[in-house]
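Listed below are the structures to be examined.
Common to both upcoming complexes is chain A, partnered first by chain B, then by chain C.
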Partner chain A sequence: MKASEVFVLISIIVFIFSLAYITSLGGLGQLPPVNVRVLAQRYLELTWNPLKPFMSSSGYESVTAIVWDFRGLDTFFETAVFYGAIIAAIAIYRGVKITGKGKTIGMSPIARTITRLSIVLIPTVAASIALHGHLTPGGGFQAGSVATVVAVLIIMVFGRKAIIRKGLTKSRILLLRSLGLLGIGFTAVALLLAAIALGVNAYIFQNQPKPFAPLGFPKIYDGMILGGSLLLFNFFEFIAVTAGFTLVLLLLSLDEKDVRRVVVEK
Partner chain B sequence: MNLSLMTAYVVVISLYVNLGIALYGIFARPSLVKKLLAITILSDTANAFAVLVGYRWPKTGTPKPPVYTNSTFNNQTLHYYVTHAVDPLPQALVLTAIVIGLAVTIFIAFIIIQYYRLHGTVDVRKARR
Partner chain C sequence: MIEVFTLAFLMLVSVASVVAAYLAIRERDMVKAIVFSAIQSAMYALIFYVLMAPDIVLVYIPVSVGITPAVLLFVTKKTERYDGD
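And now, the complex of A and B:
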């Protein structure tokens, strides 16, 4: 082992021990904590609170309420970062043609049959995670990640060309992804547009009626909790995340020689 | 020492060990792929740490997930929820951090692949020459 490697190793160990000491001194406090912070208590109290309709959100799930209502603007910009990263990754592959022509080999009939069954079941589970995200643990991000497994399975078991032959071309997936993002943007300003038309006041990312802003997304319909804008945000995020990751996986599975011809030699 | 305290210590110590492994991978390993793996370990450690900070073990009963599970609403059920549910804020932040982290990881992976195509190596020592 070289002297420089020993130095790096010792530095890391010293750093970790000092960090552990500092956080145990004043950062973490008692472990595990008995109480949560006051801010967390307010979030928990206002997630579903018919006694404070102007301040509360519209679902049972506090995490989704924070992600898309209390701190909705944060999530919007975080989603923008997610799109930026995927667009940057796609930009490297600009000019590479993705076609479904040619032979595919794929895996054995056993793997194919099992996959045919599971590619129906997985989107069902994903849809339930997305559409139930305001009531039970889940939401658009998680559902999108689950649904992407379908793309992975199709690419691995049937081959990359099979996904294109099913009609999911690069431009169509891009369109789906853009529709998801547009949906999120539209839901964020929907009440504002309606308020301008009706001549009343409203806010960006408004979910439920507020003082001096009487418009709101439907919270309950026929005894069923709809979740207001949370349901729409989860649905559009589900579409956007699924399409984004499917596209990236499609690009990662391309033939190396096809890509090299465009991105290196040209 | 009770079980919950012992579990918390085991989790915290494992997180610090993970942090050490991740930092070693980032600083000392020459391969870009191993650096990327180390970055993902680092981000997952940070996420797990954030969730741990928001965890709680109430004096009575057991901790509950931050989901209001009562179909009826009154002051008692709300008080029980507020005093037993864990902190939802770190979970909300970690949720978006994971997805964005995945997107950024994919972007870095694409760059490493492209780097390999252009230079024929992912070893930073060879690339310096």
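And now, the complex of A and C:
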């Protein structure tokens, strides 16, 4: 590093620290309160509260309870936007054939062996993050992005064709992703459908029984906290996110020549 | 006392992230720049962890250290590895 570069770096750091100092003095408007805010107190109180069953959610984890229960509709539309973005990516690559034929050039045997070990371990971690999302930090999106690292590793170390040869073709990944989103949608209206069949009242995105809406997802089974709809939402989001990311990576890893032949020349 | 240590740690990590970001911008070799960018993201993940946001850490590490560099590497492969003048 040259002396001038060090000087530039130090001035950037000094600038950032002075900006942070001005902000902490309240130079950019009123500072947020240091204490836990009223809204946060409500969330913390109601996430798991057997004394207030009509207002509480069904898991220990506040973030998952907020994401999929208190503000479930927000997350549903977030997932829908993610789904639409991937549809756009697929639309750009339409007509490009993805086959597993031909020779693959992978990495060295050391990289291959280590990857073979870790592609067993990573899905285990991802599954624990997804299925324990209502009890410990984690959830569907987190688990999905962890599981996508497997796809990254396989594409990088063994080559794109290895994924297709193992049976994960484009249409199957698309199917998995659609099943994930359908599952989320179905979980959101499941109680409503059941209520129509039984002739009682229910809401969209209802998790636990509410006043005048007696239906609810199972909260505890055999002493084990199931988390009601949180578990189902986390599981389906896990599938949808994993399949979506894997599909985009698969499309991005295609050979430029093949893509150009279809996208530009036709 | 613990608060002072936490703040000092946060300061160190954020300075390291600034250095990594600067190196990522300066670097002409795109692959090295992607690695620097991943280091910067790892520093951010540490900050999130110290600020008690484990949910964000769980999504930030795979996305910023795994998926984003992978996407950028694919894109680099389709364009040029070395940035010209």
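Some points to look at:
Operating definition for what follows: the second predicted complex is superposed on the first by the 232 of 266 C-alpha atoms of A that agree within 3 Å, B and C clash if a C-alpha of one lies under 4 Å from a C-alpha of the other, contacts with A are read in each partner's own complex, and residues count from 1 in each chain.
Throughout what follows, a residue touches a chain if its C-beta (ideal position, glycine included) is under 8 Å from a C-beta of that chain, and two chains touch if they have at least 3 such contacts.
Every value quoted in this text rests on a predicted model; they were computed, and no experiment measured them.
Of the two partner chains placed around the shared chain by superposition, chain C is the only one that A:Ile129 touches, whereas chain B remains out of contact.
In the superposed model, A:Gly244 lies in contact with chain B only, and not with chain C. In the superposition on chain A, A:Ser253 contacts chain C only, with no contact to chain B.
Using the contact criterion defined above for the overlaid structures, shared-chain residue A:Val264 touches chain B, although it does not reach chain C. In the superposition on chain A, A:Ser145 makes contact with both chain B and chain C. Of the two partner chains placed by superposition, only chain B is touched by A:Ile66; chain C is not. Once chain A of one complex is fitted onto chain A of the other, the partner contacts of A:Glu45 are limited to chain B, with no touch recorded for chain C. Touch counts on chain A: comparing chain C and chain B, the chain ahead is B. Applying the stated contact rule after C-alpha superposition, one finds that A:Met156 touches chain C and leaves chain B untouched.
Touching of chain A by both chain B and chain C, each in its own complex, is seen for residues 5, 8-9, 12-13, 16, 63, 137, 139, 141-142, 145, 245, 248, 252.
Residues 5, 8-9, 12-13, 16, 63-64, 129, 137-139, 141-142, 145-146, 148-149, 152, 155-156, 245, 248-249, 252-253, 256 of chain A are the ones touching chain C in the complex.
Residue ranges on chain B touching chain A, taken from their complex, read 4-5, 8-9, 12, 16, 19-20, 23-24, 27-28, 53-59, 65-69, 73, 78, 81-82, 85-89, 91-92, 95-96, 98-100, 102-104, 106-107, 109-111, 114, 117-118.
Those residues of chain A lying in contact with chain B across their complex are 5, 8-9, 12-13, 15-16, 19-20, 28, 31-37, 39-41, 43-45, 47-50, 60-63, 65-67, 71, 74-75, 78-79, 81-82, 85-86, 88-89, 92-93, 135-137, 139, 141-142, 144-145, 241, 244-245, 248, 251-252, 259-260, 263-264. Taken together, the chain C residues at the contact with chain A in this complex read 14-15, 18-19, 22, 26, 54-55, 57-59, 62-63, 66-67, 70-71, 73-75, 77-78.
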